[in-house]
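In the two assemblies presented below, subunit A is common to both, partnered first by subunit B and then by subunit C.
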Partner chain A sequence: MSICVVEHDELHALVQRLIQQGPAMGPRERQQQPGFYYFDWLNSADELVLDYVTTTLPPKKAFFPPREPFLEFSRTDPAKVRSMTDEGPFVLLGVHPCDLAAIEQLDIAYSDNIADGRYLANRARTTAIIGVDCWPDEYCLCTSVGTEQARGSADLFLTPIQRGYLVEVRTPRGQELLGDSAQLPATDQDEADTAQFRREKQRRVTAKFATGVEQFADILAAGGLTEVWQEVADRCYSCGSCSLVCPTCFCFDINDDINLDLTTGARIRTWDSCQLPDFALVAGGHNFRGERWERVRHRWHRKFLYLYTQYGRPFCTGCGRCSRACTADINLVEVSNDLIAYAQRETQNV
Partner chain B sequence: MKTQAKPRVAFFDFACCEGCQLEVLSLEEQLLEMIELVDIVTWREAMSEKSDEYDIAFCEGSITREADIERIKHIRETADILVSLGACATIGCHNALKNQFSMDEVLHIVYGDRAEWFDTISARPITAVVPVDYQVNGCPASLPEFVTVFKHILMGKEYKPPNQPVCVECKLKDNLCVYEKGMLCLGPVTRCGCDAICTSYGHACFGCRGLVDDPNLNAAQDVLAKYGLSVEEIVGKFRVYNNWPELSLEESHSDG
Partner chain C sequence: MSEDPQIRASKIVETYQPVAAHIVQATKLTDTEILLELRLGNGQSLGHGAGQFVQISMFGVGEAPISVCSSPTQTETFELCVRAAGNVTKALHRLEAGDWVGIRGPYGHGFPVEEMVGKDILIIAGGIGLPPLRPLINLVLENREQYGRLIIVYGARSPQDLLFTDELNLWATCDDVEFHLIVEEPDDKWQGPVGVVTVPLRKIDIEPAKTLVAAAVGPPVMYRFVAFELLQKGLPEDNIYFSLERRMKCGVGKCGHCQLNNLYVCVDGPIFCYSDLQGLEEAVEAWAPPTAEAGGKRREPGKGHG
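On to the complex of A and B.
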């Protein structure tokens, strides 16, 4: 890896060049609602916002669409089945460290055991990722899950500094992206600016877990927290918003949608959520998590216990989208700290 | 299905604005595909011909008179498949607002000194009077769901309305949450299947598709109260569409 400095105008030109070369997705500001951002295809470098706080949906939507027809079929004799053609390559711009970590986690989950060919093919179309460092808001909890300086599979990573951006060139592809852009050597001052940015970012993260992730996993594994789960469930709509906006949630449902000729149709994969009442409903009518509090508990177990045990890291990258999206104000950090406090009280009482 | 080339379809209306039939008419090109599969034999809003013989009956509107009960029972007996079309037929909709008053009172409000000429009973959805085989929710009936139900009928498949709130479809469309815009939205407790059409076009959800099976009205009360609404106002917001059966936020506290 090497570092250099690219000035603002030069980066703008680089982004414009990338957009002209092929599809590029990045964070844009909502025209009707200034101050709110979303990932979408960019028509011009002017649309790209690099100093955004967060987006509604995470960038996984670029290669794991919320609703994706992936197979066409015909109920003729013989039946016909055809995989639906992928579109071409694209680049992903302006991705924050938490989302870079999340993309890495999705890659791990979808490659492990029975690999998901559809996901991996779509992911392979993501031919470049440019990350950018960010300022947290009151919901960001990256420092509690160790992702504040994650790089994942970013080819280039930008840190805003006085002279523009300090650019980490992390892959040969990253070097290729820079191409003819003017790359200034990083001075001591540039590196000091970068270090200062990171210290200040760290300092500004206020939402924090009261324990480390390992200890938190132990607390969840020990159980006995039903009272807390029920309190949260009493406020929870089971609307699924928390997991639908999560950058690491990977559950989906598959349905066949037949056309009006009743012969041809498509098989569609749609994001699903374990918070929805029918998620764990099986044939015969049994629901493994029919109670709201069981679904609430499952979400925490999934993020901070099961996948932590399986992959050695929590499947939460601290983006805070779940807490922002919750209309009932159920806050990931607050609930986690309630669980920690409850467990500590119980231990003292034994 | 009776033995014949194509199933015969009839549309009927009870107390309503007939907007659901109009909505179905607006399918236009898709209607042409549909009549490849069925014969439409009765549809007051779209054609002059009528028939008392049909296999599939789409019924919109609420039951508000004794005579309606007899009529819907007759339709039920005639049709192999009965579909409640839209909010009036499925959840009672605005019609059931009158149930908050005595029937004598509402008759006099509407018909004055001619009240005795008319009869009325508390308004109820078709689903509360006769068993229905399929439901299409929405005010007006959601067209994507209408087409889905139509296909399910012809394929002999059961259709289970989605039991998840509008938030799901709204999130999948990457909409900014209506609450972020400072508006009140019934999306978190309202059954989806509309593809979040209102919230996608800048409105809040009015709850026209009815509540999900297990709505957390306690949470709804908390959230709406956060925005400075009284319980009466909250109940009023729910009541625009959801009056049947009687909605009681107070009784919902045991929900969990």
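On to the complex of A and C.
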């Protein structure tokens, strides 16, 4: 890995060149909702916002779309079935460390055991990722899950400094992206700016878990927290917003859509949420997670216990989207700390 | 043998793409169950193990996970017994010989058939639980000399709900099968015992150490009573295998629908050893009510996950 400095105008020109070379997706501001950002295709470098807080939806939608038709069929005998291929390659720009970590986690989960070919094929279309460092807000909890410095599979990573960006060139592909852009050596001032940015970033993260993730997993595994789960469930609407905006949620449903000709149609994969009441429903009407508190518990268990145990890292990257999106103002950090406090009280009482 | 990388790549991309299979025969077993015999259009054998399942597609309606109910040694065709319960399964009931469907799989972790050799085999089936156990029964019958006793307990709601009646008659008359049949709601002609599977189960004498149990019963709460009876008999937890039901959408441990605590029923199951379910709160349907032998043991999280 090498480090260089790219000044503001040079970066603007670089982004413009990437957009011209092929589709590029990056964070943009919603015209109708100033202050809200979303990942979308960029038409010009002017649209790219690099100092955004967090987008409503994570960039996973680039390769795990909310609704993905993946098979076309015709109900002939036998049915004609054709795999639907997606568009060509694209680059992903302006991805925060938490979202870089999330992409890495999805890669791991979807490649594990029996790989998910749909995801991997889509993911392979992302020919480059450029990450950028960020200012956290009051919902961000990256320091609690260790993702504040995550780089994932970023080819280039940018840290804002006075005269532009300190650029970490992480892969040969990253060097290729820089191309003819003027790459200046980092001065002492640039290094100092970078260090200052990172210190300030750490300082701005105010939402923190009261324990480390390993201890938190132990607390969840020990159980006996039903009272807390029920208290949270009393407020939860089971709307699924938390999963909808989560960068590491990868559950889905598969359904068929038939066209008006009643002969042709498509099989579609859609995002799903374990918080929705019928997620664990089976034939005969039995629901294996019929109680709301069981679904709330499942969300925490999956993020901080099951997948943590399986993959050695919590499947939460601290982006805070679930807390921002929650229609009932349920806050991930507050609930987690309630669980920790409850468990510690119980231990003391024994 | 290593596979051509290109073939492997195309297989991976098509994780969710079914292959065509045509219906060789469709036989109505009861008012709610149909038996489909299928042959893959590509001429290949399904290559399933006892206890595995497939995803069957009715294009335009959807997919449903169904246990393969024919013996693994039957390779030219395979059979699925389908209860009409939801949209897909109701559509499957309209199939006739010659119709085509989509199949992907087989998926999941089946019965440890090699471990079962030399043991007494106790099969406990309740209602639609019989089809997933039928491959195992057939496997034992086909290699009868390799096993000890074969005890089959089968319970159904009523005599009209009994599946595979020809085979039931065969088991009943077979010298080396101990067959116990029971129904909950008898009709006027019913001569046999009345009740649920635990009634005959209670009376069966077994040698716990050399008996392996395979059970699939519905509704879910029945597992608890079966587990209780088995533990009462002194059966080691490691000797009990349950076939559990969840609604798998993907079949490959990704979609999350069949998750049972840290396990995925579609890849870690659907056949689970009872000892691996201990301490898993979401397998509560399988737990015996606490007894001296099986009280409140908690399992280490993540242990045993593949």
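The working rule: the second predicted complex is superposed on the first by the 350 of 350 C-alpha atoms of A that agree within 3 Å, B and C clash if a C-alpha of one lies under 4 Å from a C-alpha of the other, contacts with A are read in each partner's own complex, and residues count from 1 in each chain.
By our rule, a contact is a pair of C-beta atoms (placed from the backbone, for glycine too) under 8 Å apart; a residue touches a chain by one contact, two chains touch by 3 or more.
Keep in mind the model is a prediction, meaning the values are calculated, not measured.
Undergrad: Quick check for you: in the superposed arrangement, does A:262 touch first (subunit B), second (subunit C), both or neither?
TA: both
Undergrad: Check whether A:67 is in contact with subunit B, with subunit C, with both or with neither, and answer first, second, both or neither.
TA: First partner only.
Undergrad: One more residue to check, A:38. First (subunit B), second (subunit C), both or neither?
TA: first
Undergrad: Which of the two partners, first being subunit B and second being subunit C, lies in contact with A:240: first, second, both, or neither?
TA: So A:240 only meets subunit B here.
Undergrad: Looking at A:113 after the superposition, I want to know if it touches subunit B, subunit C, both of them or none. Which is it: first, second, both, neither?
TA: second
Undergrad: Is A:30 in contact with subunit B, with subunit C, with both, or with neither (first, second, both, neither)?
TA: The answer is first: A:30 touches subunit B but not subunit C.
Undergrad: Between subunit B and subunit C, which one contacts more residues of subunit A in the superposed model?
TA: Comparing touch counts on subunit A for subunit B and subunit C gives C.
Undergrad: Examine A:197 and indicate which partner it touches, taking first as subunit B and second as subunit C; both and neither are also allowed.
TA: A:197 contacts neither subunit B nor subunit C.
Undergrad: Between subunit B and subunit C, whom does A:301 touch in the aligned arrangement: first, second, both, or neither?
TA: second
Undergrad: Taking the superposition as given, does A:277 touch the first partner, subunit B, the second, subunit C, both, or neither?
TA: It touches subunit B, and subunit C stays clear.
Undergrad: Identify the residues of subunit A that lie in both the subunit B contact region and the subunit C contact region.
TA: In subunit A, positions 258, 262 sit in both the subunit B and subunit C interfaces.
Undergrad: Can you list the subunit C residues touching subunit A in their complex?
TA: 11-18, 20, 22, 41, 57, 59-63, 83, 85-86, 89, 98-100, 102, 218-220, 245-247, 249-250, 252-257, 259-262, 267, 281-282, 285, 298, 300-302, 305-306
Undergrad: If we count contacts the way the header does, which residues on subunit B are in touch with subunit A in the complex?
TA: Contacts found on subunit B: 30, 33-34, 36-37, 147, 151, 154-155, 163-165, 167-168, 171-177, 179-181, 185, 187-189, 202, 212-216, 218-220, 222-223, 226, 256.
Undergrad: Quick one: which bits of subunit A touch subunit C in the complex? Just the residue numbers, please.
TA: Subunit A residues touching subunit C: 70-71, 73-75, 77-79, 81, 83, 109-110, 112-118, 120-121, 217, 221, 223, 250-256, 258, 262, 265, 267, 269, 272, 274, 279-284, 286, 288-289, 294, 298, 301-302, 305-306, 309-310.
Undergrad: Once bound in the complex, which stretches of subunit A touch subunit B?
TA: For this pair, the touching residues of subunit A are 30, 32-33, 36, 38-40, 56-57, 61, 66-67, 230, 233-241, 244-245, 258, 260-262, 270-271, 273, 276-278, 291-293, 325, 327-329.
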